[in-house]
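Common to both upcoming complexes is subunit A, partnered first by subunit B, then by subunit C.
On to the complex of A and B.
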């Protein structure tokens, strides 16, 4: 099990951190999966649904670090209400249009790339191994996002307007992704991370600016007040999402699949 | 959004020939290869892919043409030699062979 040999406080911090990572992947994976049968091309239906499955699989991998028992893992993923979810509010927002979903996914992927990059230096071997496995797929996700953004950027006035709106909406929620949290210090002290996740913020803003906004002639100035999803403060969209996502699980939580 | 058709070729194993795997629509060649990875390799069907814009492929026959010779040339095919064996026997070819 993860966190062997750590003190109680450090162990609790590690659990919180892994939950934030897993919940992010689960919630975004669910939103992405809602595009299945509605993407701009049938080819993209398959590709985006597959990316959604990748994110869900990453969530399962991370929940697996916290609970060895499958039923406990399911309970973690599907049994909590909104207050218990540690994901960023950005990821629960309804899909909106294709530009929003794509920009959101790509901006999240950049934050995730920075986070999992740090995990490669973790002193927790299981966490390091999980990061290596996730990053193998994230390379594809980043290339996919970059490629689509350049297609949309070249798509004329309507496409351009939707992209601008998407960047603004995503920027407004971004700070939640890497906001400083009370338990971060314990993670660094435990050697689970080389630095607090919130220390990645400047690098994140710089990369989104250079990789997403600059090619569009836009700037990235995310406000630093934004929502506090990591502390359980979610929007009504999260309740809808959880109701849909866990509908089957809740119909019989003890069922064996 | 402008889309083009791309033809996808896949290699099943080391040294295997690239075989036609199918086709797909995509807005750019870059997106085409990314989509091809998901569409044709999700179950690890191929170890390598080629993705080619359909427009880049030269095709035959040209309009009005038919592929192949105008007169039958079956004698050039392997099957032609089976007919030759019958004729060889009929004309006593076996007696010419020193056993």
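On to the complex of A and C.
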């Protein structure tokens, strides 16, 4: 199991961190899956559904690091209410238009890329292996996001306007992704991470600026008063999302598949 | 059946032969040995444990392959217990697919992973990826400009 040999406080911090990673992937994976049958092209329908499936698979892998038992793992994924979810509020927002969903996913992928890059230096072998495993698939997501952004940027005035709106909306929620949290220090002390996740913030802003905004002639100035999803403060959209996502699970939590 | 007369090496060969008959349900001619999924075989008397490496995260075929491997090994006359354990380490990569696995993929019309998707039908390198996300999460959709056949390539991960 993960966190063997760590003290109680450090183990709790490690659990919190893995939950934030897993909840992010699960919630975004669910939102992305809502595009299935509605994406702008049939190929994109397949692509975005595959990406959604990847994110959900990553969530399952991460929950599996915390709970070996399948029923416990399901309870972790589908049995908590909004207060217990550690995901960033950005990821639970309703899909809006294609530009918003795409920009949100790509900006999240940049944060995730930085985060999992640090995990390659973790002293927790299973966490390191999980990061390596996920990064091999994320490479395709980053390429997908980049190619769509350039397509939308060349799409005329309407497309351009939607992109600008999307970048603004995503920027407003972004700080939640990498806000400093109380348990970060314990993770670094335990050797689970080379540095606190919030220390990636400047690099994140720089990368989103260069990779998403600069080609559009935009700037990325995310405010730091964004929501606090990591601390369980979610929007009403989260309740709707959880109700839909866990509907089958809640109908019979003991069911064997 | 007793273990008498079944030597250590013979038992190892039996297990490997059994595993060669287990394949990915999506790609029936490619064995899990040739896909590089079998990481380790441990035999202690009549008990066998094989370590398998999941390929793509959350691949629905992995559990099926593990159960099929257990059933196939348990069917060996000298085996009393067989268990397939899924391990996260080392991390599986498409480079673990051996030459026989690559040939078998081609026979299914799937180009093996690599920088160029070589057409599995005519061998041409004049091909292109038409969609990076194909019919399953491990495959891309491609097109051959030489023989004009659509085909798939397994993703390099």
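As a working rule, the second predicted complex is superposed on the first by the 257 of 257 C-alpha atoms of A that agree within 3 Å, B and C clash if a C-alpha of one lies under 4 Å from a C-alpha of the other, contacts with A are read in each partner's own complex, and residues count from 1 in each chain.
Throughout what follows, contacts are C-beta pairs under 8 Å (C-beta built on N, C-alpha and C of every residue); 3 or more make two chains touch, one makes a residue touch a chain.
Quick caveat, the model's predicted, so the values are computed rather than measured.
In the three-chain model built by superposing on subunit A, subunit B clashes with subunit C. In the superposition on chain A, A:50 makes contact with both subunit B and subunit C.
Among subunit B and subunit C, the chain that touches a larger number of residues in subunit A is C. In the superposition on chain A, A:214 makes contact with neither subunit B nor subunit C. Once chain A of one complex is fitted onto chain A of the other, the partner contacts of A:61 are limited to subunit C, with no touch recorded for subunit B. In the superposition on chain A, A:40 makes contact with subunit B only, not with subunit C.
By the touch criterion defined above, A:136 lies against subunit C but remains apart from subunit B after alignment on the C-alpha atoms of chain A. When the two complexes are overlaid on their common chain A, residue A:148 makes contact with subunit B while staying clear of subunit C. Subunit A uses residues 43, 46-47, 50-51, 140, 143-144 to touch subunit B in one structure and subunit C in the other. Interface residues of subunit B facing subunit A in the complex, by the touch rule stated above, are 1, 3, 24-28, 30-31, 34-35, 37-39, 42. The touching residues of subunit A, when paired with subunit C in their complex, are 43, 46-47, 50-51, 53-54, 56-58, 60-61, 125-126, 129-130, 132-134, 136-137, 139-140, 143-144. The touching residues of subunit C, when paired with subunit A in their complex, are 56-59, 88-93, 130-135, 137, 141, 155, 157. Put simply, subunit A touches subunit B in their complex at residues 40-44, 46-47, 50-51, 140, 143-144, 147-148, 150-151, 155, 159.
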